[in-house]
Amino acid sequence: MHIGFIGLGNMGAPMARNLLKAGHRLSVCDLSAAAVAALAETGASACDSPAAVARSEAELIITMLPAAAHVKAVYLGEGGLLDQVRPGLLLIDSSTIDPLSAREVAAAARAHGNPMLDAPVSGGTAGAAAGSLTFMVGGAAEDFERARPILAAMGKNIVHCGDAGNGQVAKVANNLLLGISMIGAAEAMSLGVALGMDARVLAGVINSSSGRCWSSDTYNPFPGVLDDVPAARGYRGGFRSDLMLKDLGLASEAARQVGQPVFLGALAQQLYQVFVAQGHEALDFSAIIHLYNKDNHP
Amino acid sequence: MHIGFIGLGNMGAPMARNLLKAGHRLSVCDLSAAAVAALAETGASACDSPAAVARSEAELIITMLPAAAHVKAVYLGEGGLLDQVRPGLLLIDSSTIDPLSAREVAAAARAHGNPMLDAPVSGGTAGAAAGSLTFMVGGAAEDFERARPILAAMGKNIVHCGDAGNGQVAKVANNLLLGISMIGAAEAMSLGVALGMDARVLAGVINSSSGRCWSSDTYNPFPGVLDDVPAARGYRGGFRSDLMLKDLGLASEAARQVGQPVFLGALAQQLYQVFVAQGHEALDFSAIIHLYNKDNHP
Amino acid sequence: MHIGFIGLGNMGAPMARNLLKAGHRLSVCDLSAAAVAALAETGASACDSPAAVARSEAELIITMLPAAAHVKAVYLGEGGLLDQVRPGLLLIDSSTIDPLSAREVAAAARAHGNPMLDAPVSGGTAGAAAGSLTFMVGGAAEDFERARPILAAMGKNIVHCGDAGNGQVAKVANNLLLGISMIGAAEAMSLGVALGMDARVLAGVINSSSGRCWSSDTYNPFPGVLDDVPAARGYRGGFRSDLMLKDLGLASEAARQVGQPVFLGALAQQLYQVFVAQGHEALDFSAIIHLYNKDNHP
Amino acid sequence: MHIGFIGLGNMGAPMARNLLKAGHRLSVCDLSAAAVAALAETGASACDSPAAVARSEAELIITMLPAAAHVKAVYLGEGGLLDQVRPGLLLIDSSTIDPLSAREVAAAARAHGNPMLDAPVSGGTAGAAAGSLTFMVGGAAEDFERARPILAAMGKNIVHCGDAGNGQVAKVANNLLLGISMIGAAEAMSLGVALGMDARVLAGVINSSSGRCWSSDTYNPFPGVLDDVPAARGYRGGFRSDLMLKDLGLASEAARQVGQPVFLGALAQQLYQVFVAQGHEALDFSAIIHLYNKDNHP
């Protein structure tokens, strides 16, 4: 297919490259000319604006942008996508934004005659490069089915989560629980070791008991428990702490909009906030365990 | 074997019965004469005090008591177990108490010539009745091996966690993480549903993503997601909220003793405290989700 | 003076009336025709839009709107105030919004040649009616001096807080501390009484000790401690809980924007969130003490 | 009077010295022979045990000990005060312990025929040296009146708080609110300054508004706002952070015992816990503001 791709950052660029590898033709756009040029070298057609992407022969457009403000500007702004794109063309936004904004943009797209899916991802830059992302998709079932083979070039786990906005809902709810779990795992591992237990034995007990969770059995934050996780390599790579902070902010803001309390989530957000304020924003989010050791620095 | 069993409450009575079923001879004791009589009917020998149990021909003694104060009184008090028991006899305390108290009593036992294990359990009254408890055991390896076949009459998962006290450490760390996870799952499920998602679809996404945890995939607190969990039957049965509150109190107190912060654990403890104060102490701990619904009552 | 007044809600209407009482001529506007008519009956000139207010002979314009979105729409929207108002005319926004939005609008006004002050208030509807509000004002000193006599018709405490936006900063910081203090006072009073102390004696000790604060010595949340506060009349009147929730949301969002942690503030926000979700949004914010009594409802 | 004084630490020694200055005769005891010797040089009679103090001609005995365990040992232990002291002699415990322990010891004293007061203090080592302490006293009114002139040699503010244990209740409730207020003041000052406001102007606004509290108007944690407070001298002196942590621990434990939630208090305790774990235990408790600055270290 001829696919338009807007947003070639840390996630968008490898995602676009996987689409090229799968044999699709790409028309790409990004604020960074260098990012566009890099994709052009691998065969994509360079466009200088979202409007240009809309006017290209792309049959489907994917956007991967940093925040709701960018998504609204690209889709709704003057000369934006909805201004220029022909009705019927499927729009897929893989940015991570709040569900209410996603629904607002999807409703505008629908009014313009364009089906739209929200399809935020998880799996980080590693998953983007490896084509193993998880896509959590919101929108109509038939549009989900149209998109599935395209998304499959970039990801392994493509899940339909319900109507428009529910992809964002699923992601924000999962990442809310993930942030709480990771801090909980850090807290419990640190307490157990401080009380005299061997970290690996403790993790083994937890992982075969009711405390079992991904943060403990697959991504344990305590050094020496698992190999090949960020805790084993100085917390480099992985899923940046400032991105977890962003997701917890989306969760607490979405909760505020619908009047839901998020006690542990709000505290988790503040813990990641202080950790990022200390300068550790680039470390993997499992590095949060450093709030729990007496030296308090990675 | 001839086994002494002190403490025949909601947990101790079914545990003792399983020892009888396995063919062991029991000498039992409890403050409640009725509890002692009930066990005597099934073949145990009644004793009127811990000292009497010590003087019986029991070759191994198990205690199952409500709190550290009871454990210290039974073992260390005047005329208590250590006063009366012959050296060499193995002592197993399956009460859930703080690790420092467990180590204090074990050291006193050791000084008296008695090996001692802390072997707190998880699995609740259902696990006690079914003989499917998990035992988290602290103490010397050779004593663990001696105890293992006895514990296997009462449980399925017998784990050696390290030296004296580490059984309590493992349990308190696991239950700290469990309390945090359960509230996190309640928070994320409630938020996702409030934002418009179907509860089962959301749980499915979480359980195949990084938010996966026992509280979500095996004991989900949102009604209608899983069958045969307390959420499916009005939160009756299971693991009482006041027992989770007790465990979180042990965790925060142990943390205080060793100077470890427990940010999410302390807040989780307060959430269970307010829930219990509202009169819901007997409901399963997954009922905590009711703090997150607009009606705020089960 | 001839003053334009846009926004005649629970706060704006009594504020506008006090300007009329002080002898000023008013041109007023509001989405509610009834609100405009009510002011017109007392002598104000009715306008049908902010643009019409701008085109009137008003020499100074005051806005009192619910949120940043409204302020941006009224000032920056097409046909909005800045489109129509003549350069040099002083603009005063008394809405409570986040400081960054206030600075954005003030910068746009300045670029248009209009000095602008942010002048959010405290004192509630009672203070608005009584003309006893506190104004926390941000903007240039000479503009503050020009505005002071006008504000003095509506308030008793007119404070210059620094440059543009600092009025909002002062209000959000004060109300962050107020929310934390009120919950802290509720927590301490409830604990002391639960431990057996007489509430009045306890308040007396606190108020002469280091725990002394406005929430304890002027607005104590425990019934029977002070007369003539909401706690003495079923928590009616006063400062609504949903308005405190709004202010705590502004504080946590401003904190997020500048990377500051707000641990207690974030938790205070969640406590007011659950209280409002229970249906108590109209009760005075000191009613939060009901989270601390065993009946858990006002 | 001839007064017995047991416990000559950082608080007890200067308190005892003030009693000597007021002309009383002292019989003193402490685990530290050096502490006893130092008091003996200024005229006190040295005793080698609490029992010896009881057997002296002291007409009233004051204790100043670190924790409940010490108080119980000194009063209730074998050969302890209650073993040896003659009935009718007034006992005053100025240690800071939990109210339930204070009531337990007072009940034992009463059963022995000795009136007893709990009279914990605030004002720190500076207040002890200056004789300007606040005493929060629990016990019978006539015993309070008998004690008042004695306490007046050591303090300026002598408050009767109700029956036995209520002195401890008043102190723990006040210090719970103080810990919350100080962190709240640190949070609000740090946020306001990060948002661009001058610290002194902000403090001025808060102190004339509803955020007003002792922590802001008398002991502001932000450097440069007040002179002659710890924030003005590197947070040296004052009221140590580990003592505030101890008091918050007493508050949360007392709350746990009576089933009261303490949401902000529990989080405040964890914040002081992490601050102490970082090695800042000796700094004044207002140094907690360092959790809120980007450098995160005093």
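In this document, chain identifiers A, B, C and D correspond to the written order of the chains, with residue numbering beginning at 1 in each.
The rule is short, and it goes like this: a contact is a pair of C-beta atoms (placed from the backbone, for glycine too) under 8 Å apart; a residue touches a chain by one contact, two chains touch by 3 or more.
For reference, the UniProt names are A, B, C, D = 3-hydroxyisobutyrate dehydrogenase.
Source: prediction; values computed, not measured.
For the pairs A-D and B-D, the larger set of C-beta contacts lies at B-D. Chain centres computed from CA atoms place B at the largest separation from chain C.
Rounded to a whole number, the gap between the C-alpha centres of chain C and chain D is 39 angstrom. Our note on geometry: chain A versus chain D, Cα centroid distance of 51 Å, whole angstroms. As a whole-number value, the distance joining the C-alpha centres of chain B and chain D reads 37 Å.
Of all residues in chain C, those that touch two or more other chains are 255, 259-263, 267, 274, 277, 291, 294. Across the complex, chain D is touched by residues 267, 274, 277-279, 291, 294, 296 of chain A.
Residues of chain B that touch chain A in their complex: 99, 122, 134, 136, 157, 159, 161-163, 165-166, 169-170, 172-178, 180-181, 183-185, 187-192, 194-198, 201-202, 204-206, 208-216, 218-219, 251, 254-255, 258-265, 267-268, 271, 291-292, 294. On chain D, the positions that touch chain B within their shared complex are 249, 252-253, 255-256, 259-263, 266-267, 269-270, 273-274, 276-277.
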